[in-house]
Amino acid sequence: MQNGPERRIRRIAVNTGGGDAPGLNAVIRAVTLAALHEGWEVLGIRRGYMGLLEAEVDGEPGLVNLTAHAVRGITHLGGTILGTTTRGNPFGLEVRQPDGTWGTVDRSDEIVQRFRELGIDCLVAIGGDGSLNIAHALHRKGLPVIGVPKTIDNDLRATDVTFGFQTAVEVATDAIGRLHSTAEAHQRVMIVQVMGRHTGWIALDSGMAGGADVILIPEIPYRLDRIAAKVVERDRAGRRFSIIVVAEGARPADGEPSYADATGRYGGVADAMADEIERLTGKEARTLVLGHIQRGGEPIAYDRNLSLRFGAAAVRCIRDGSLGTMVALQGGAIRAVPLEDAVGEIKRVPLDADLLTAGRQLGVSFGD
Amino acid sequence: MQNGPERRIRRIAVNTGGGDAPGLNAVIRAVTLAALHEGWEVLGIRRGYMGLLEAEVDGEPGLVNLTAHAVRGITHLGGTILGTTTRGNPFGLEVRQPDGTWGTVDRSDEIVQRFRELGIDCLVAIGGDGSLNIAHALHRKGLPVIGVPKTIDNDLRATDVTFGFQTAVEVATDAIGRLHSTAEAHQRVMIVQVMGRHTGWIALDSGMAGGADVILIPEIPYRLDRIAAKVVERDRAGRRFSIIVVAEGARPADGEPSYADATGRYGGVADAMADEIERLTGKEARTLVLGHIQRGGEPIAYDRNLSLRFGAAAVRCIRDGSLGTMVALQGGAIRAVPLEDAVGEIKRVPLDADLLTAGRQLGVSFGD
Amino acid sequence: MQNGPERRIRRIAVNTGGGDAPGLNAVIRAVTLAALHEGWEVLGIRRGYMGLLEAEVDGEPGLVNLTAHAVRGITHLGGTILGTTTRGNPFGLEVRQPDGTWGTVDRSDEIVQRFRELGIDCLVAIGGDGSLNIAHALHRKGLPVIGVPKTIDNDLRATDVTFGFQTAVEVATDAIGRLHSTAEAHQRVMIVQVMGRHTGWIALDSGMAGGADVILIPEIPYRLDRIAAKVVERDRAGRRFSIIVVAEGARPADGEPSYADATGRYGGVADAMADEIERLTGKEARTLVLGHIQRGGEPIAYDRNLSLRFGAAAVRCIRDGSLGTMVALQGGAIRAVPLEDAVGEIKRVPLDADLLTAGRQLGVSFGD
Amino acid sequence: MQNGPERRIRRIAVNTGGGDAPGLNAVIRAVTLAALHEGWEVLGIRRGYMGLLEAEVDGEPGLVNLTAHAVRGITHLGGTILGTTTRGNPFGLEVRQPDGTWGTVDRSDEIVQRFRELGIDCLVAIGGDGSLNIAHALHRKGLPVIGVPKTIDNDLRATDVTFGFQTAVEVATDAIGRLHSTAEAHQRVMIVQVMGRHTGWIALDSGMAGGADVILIPEIPYRLDRIAAKVVERDRAGRRFSIIVVAEGARPADGEPSYADATGRYGGVADAMADEIERLTGKEARTLVLGHIQRGGEPIAYDRNLSLRFGAAAVRCIRDGSLGTMVALQGGAIRAVPLEDAVGEIKRVPLDADLLTAGRQLGVSFGD
């Protein structure tokens, strides 16, 4: 992290990397308008770093001049006007070899060189753990960088919340709510698989808000007999249906059957679990794998504002020379944290998380 | 169908059968309030006909007195306050045999007898093809019946539209819209499987409203090469993503590989198709199986009003002695059609349906 | 109305006039894509006919070439990408006179001349009664025209439904639903004023779907004592709140006090009525004037599809030489009706409308 | 504030007071289930303290036994199942005098006496500043109390956020978004009045998320010429519409005309401002007063979870003997703060609030 204004800023660039998240466009808009307000120019790079390496990306110029006109009316739009990619690591870019197989090449020097040629004084890199690691590496190579954290899963340690998370929770909660009436009418067990490979934030929040009876998260290994016991207990009390919300990364306790080989496309944990629950309880079980609708579409107001704040704060960081940092929300305030501290370890749901405690008080089973 | 008021009505009953559909509660409310307005009593039967055969169903009395209080504020609620079942055919009720296997028994005479004992002058049966067939059979056994058509799939021939259909379309359209931004950002093919085992109404309406590039319906057997050609054509034009909406009952043209053995739980047609599309186009394909969120939750205003109209019309039919009929929407007006004409043959999307023609004009591929 | 293909079409134009309605962009997109599909060019005219008369409108060219790219992803967007105006009658264009006052000039000949110069073979005019009258007059001056009906109020006689109407109903129903819980918690009378200067379609549909206790429409003159009686009757039955939905054009029966001089900006009928209801019932009354949120924002799926169908049908009309007509929905089918028959008389809610009858059966008061 | 478990808890009571807020039912449900989990009984008091003083309230018993069954499926419902009142201060209860006029009587002793008779060990009072003051006074009279903060306006100093606030912001943002397309299509100034008599939290958050051009909050006195300048500046840049979001409590800077005498019912500040803006800019201005839809209806997931956490935490406070406190969210954690510190001074938007700063960077005018 460098501090203090080193030199006059004239031109900055923005890119978006990794998975889609509601709020990306709001960040782009805020960075652009706030930078124009400072008198800077703003370049948008298409599809991660692709737009720097190719003159044309998807039939459009690889670099786009981000004017006020270019970012009009995009705050509420899902996706990213710049495109994104999960295969765009310039340190190990996937390329097709002469023999037809895929290999990787390091084009990071070229990237840094292109930034210099274009007179870009700072890059605002909006991305998740992977993209921020790349950004950090570029920063160490001499390219000033500000990171903006982006992950639907809300599992970045350095920030209390990431944009897009509350929207994903809202979408999942709405789906759980719709399943509720059907589960009740049909007296079924409904198993809803939500995002969260490593952490249970979405499952916990949407499960509680959606009134789930069982919530399974990676942080609490589950036992099938405990889940079945909850379903049966409800059944006996005349509640002949149950809703189970399961994070895609939920895993069984030691000694339990594992579904680790499930591909993810076919529903993975949810479908395998449905069979077991049917066997153990004698009740019909159905599954819903929510998938990508959790990360697309309009951000809710909360995420729009968090995104706008992150984007505006990134510009203040550049202005103030606080480079090599990532903007983060901590206790309600926006702070700049060193990139090296921001990435790496993920933020898991603590076992004494307040909402989890509340869940236990309300009789929700966490499968343990 | 009988016509003319035969006798004074004192008490009617209502039940709901088959799958859940948004609007069921609105029908129940309308039947109840309109019947009370006539000075009649209204009994609700829990879980199809179960509530007639058992004193208690799910820990509650099998029969519930439907007062104005009982139906307060339920117009917008998903599910059904009476419960439903897909295994409640009194002519072939599933029961566990002494040897532990399942068999069926005919308890229809008992049902008719119970109706007589209870002094029920007419039954309002809200259900799909299966439930209406049962209702019709009871009618022939001497129990006066009015049917109210219920199917998410909109495939009942006798009515222009069924309640719940527009809500399912809205939910599916919303999901497709959310996938759009992610598909575009990631340049993927997204395959969304929606309801419709025999007909493509939901797929056609949600696909068009959601801006799908390919829509596959049971009425038009598809060819994988045509679908792939559309994806590739878009890709070459710089539109590097495509959205495919597929009805669960979509089937390939003769000579194409079939996914008929897919179980439905694992996504069936959509997942199998994703592999083929990846193979044929070299692009990443992802799937989303919408499942039960299409039939749960709040009905939109359109479905609330259609449901209220159906329920109120059913009471007018009883009052006017138009029994053995089903209420239906035809050209904007509510009519009573004989039950024997109402069930049986399903209503498929005609190949010259106006929205389908519009789709072709707009460049949507239907896989043929 | 002319029939039969007179000449080869090469270029058509589209404009949008009058008030905003959800679905306008979907019509524009459908007309454009379907016309391109025929091999025609499509010009968009900005702000009614302004774009023909001025080289630049709002800092953009007055005419825009509508390509596939130009209409991408607009199906679900509210507003109109072409802009609109309620003051753009070329037969009586409002202009500021040399002395500073406003007058009108007839520039219709100039418009027709411009169409000829530009080689425009047909105009697709999307508008309400006013705009369609203008289009009809231009048609009589020799400019081939196809009309597409547009009115939130659903009061055009020639078509069963207009696009945007169901969206307005949905928005109003959602608002009424939100008021419900507050009204109940606070035991208040809530009066919601919805659109409908001459007809009660929005009030009737949203009032029924939203569970209103009283619905007041222009077609049924109301009596304050009847409204108050309903509120008091509910109060005595322990229902200490009431929801009144009133069309902005609702009017009292003869001999009742009139609020005809209310300006509309201040809520008009709703606010005046609130005072009277408080006086007559002793209960607190609050008002909500829904205003423009009923006509903006995303169209629901129903309206998107109706709009797409209208747009595609307009192109078929041009192709088939069915000019001087308006596309309309009649009994589920799209038809072309002569423009002279389409405009003029409005479609009122008939006193035996099925939903109104259902409302009476359910105990809703219509103030009479 | 008392600490340490003084005695064994057997029975608690819950009431809700003041205005409606989305999340009230979720708090009631969480308090009930968590208390039952402790083995306690829970009594619900209807309409503030009314249910204690009257055997029957609104035709139902004044006290309701809150069982698991009684609070089923209410997490997402707006309103409050217990009812509420803004006139229920037991220290100054409004009563009609023998002469017909209204006066107040102090019935607080009676209330405390009733609590003792009923064996209620603690009251959970869910309410805003007024209700919490009453609760505090009862606490000082010897009735153990836990407060749960409730205000749509988010202006309670002791808690970072109150439940219902984010839902109000979401509803207002949605409405602003719908106005956007109409404003743009018609080139109008739209003035949206949102809640916030003393503070600008809703206006700031919904204005930013909704893309407002001008946001007026009580904390920043506005000047009409500055607002008009922003509108004109946009107009000249080809942006011929503007969206102004104004808190109902926004006030002019010294020397500016005041609308303080506006009644509130007729839109107050918004309507008066519309006339001035039209005069100063020559553009059409329209208003929308959002009113009560901001405080009714379903809470979003964020508010449901905050409500569940508050309710569960209140029970922990009782269990742990932390009485005379209010639960609050501070920096992500739930804390118990002494009631005397919790009420009184309100939390205003600080002039260096991060979102406000972001707004200025993005070019939003705050009227100063």
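Note that the chains take the letters A, B, C and D in the order they are written out, and that residue 1 is the start of every chain.
The criterion applied here is as follows: a contact is a pair of C-beta atoms (placed from the backbone, for glycine too) under 8 Å apart; a residue touches a chain by one contact, two chains touch by 3 or more.
Fair warning: this is a prediction, and the values are worked out from it, not measured in the lab.
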Chain hops separating chain D from chain B, counting only touching neighbours: 2
Common touching chains of chain C and chain B: none
Chain A-chain D separation of Cα centroids, rounded to whole Å: 31
Whole-Å gap between the CA centroids of chain A and chain C: 41
Gap in Å, rounded to a whole number, between the CA centres of chain D and chain C: 35
Junction residues of chain A - those touching two or more other chains: 177, 180
Contact graph of the chains (line, ring, star, complete, other): ring
Chain pairs in mutual contact under the definition given at the outset: A-B, A-D, B-C, C-D
In the complex, chain D residues that touch chain C: 16, 19-20, 24, 58-60, 77-80, 83-86, 171, 174-175, 177-187, 190, 237-238, 240, 265-267, 271, 274, 286-289, 291-293, 295-297
Residues on chain A engaged by chain D in the complex (per definition of touch): 29-30, 33-34, 37, 73, 75-76, 160, 166, 169-170, 173, 177, 180, 205-206, 208-211, 300-302, 304-305, 308-309, 311-313, 315-316, 331-334, 354-355, 357-358, 361-363
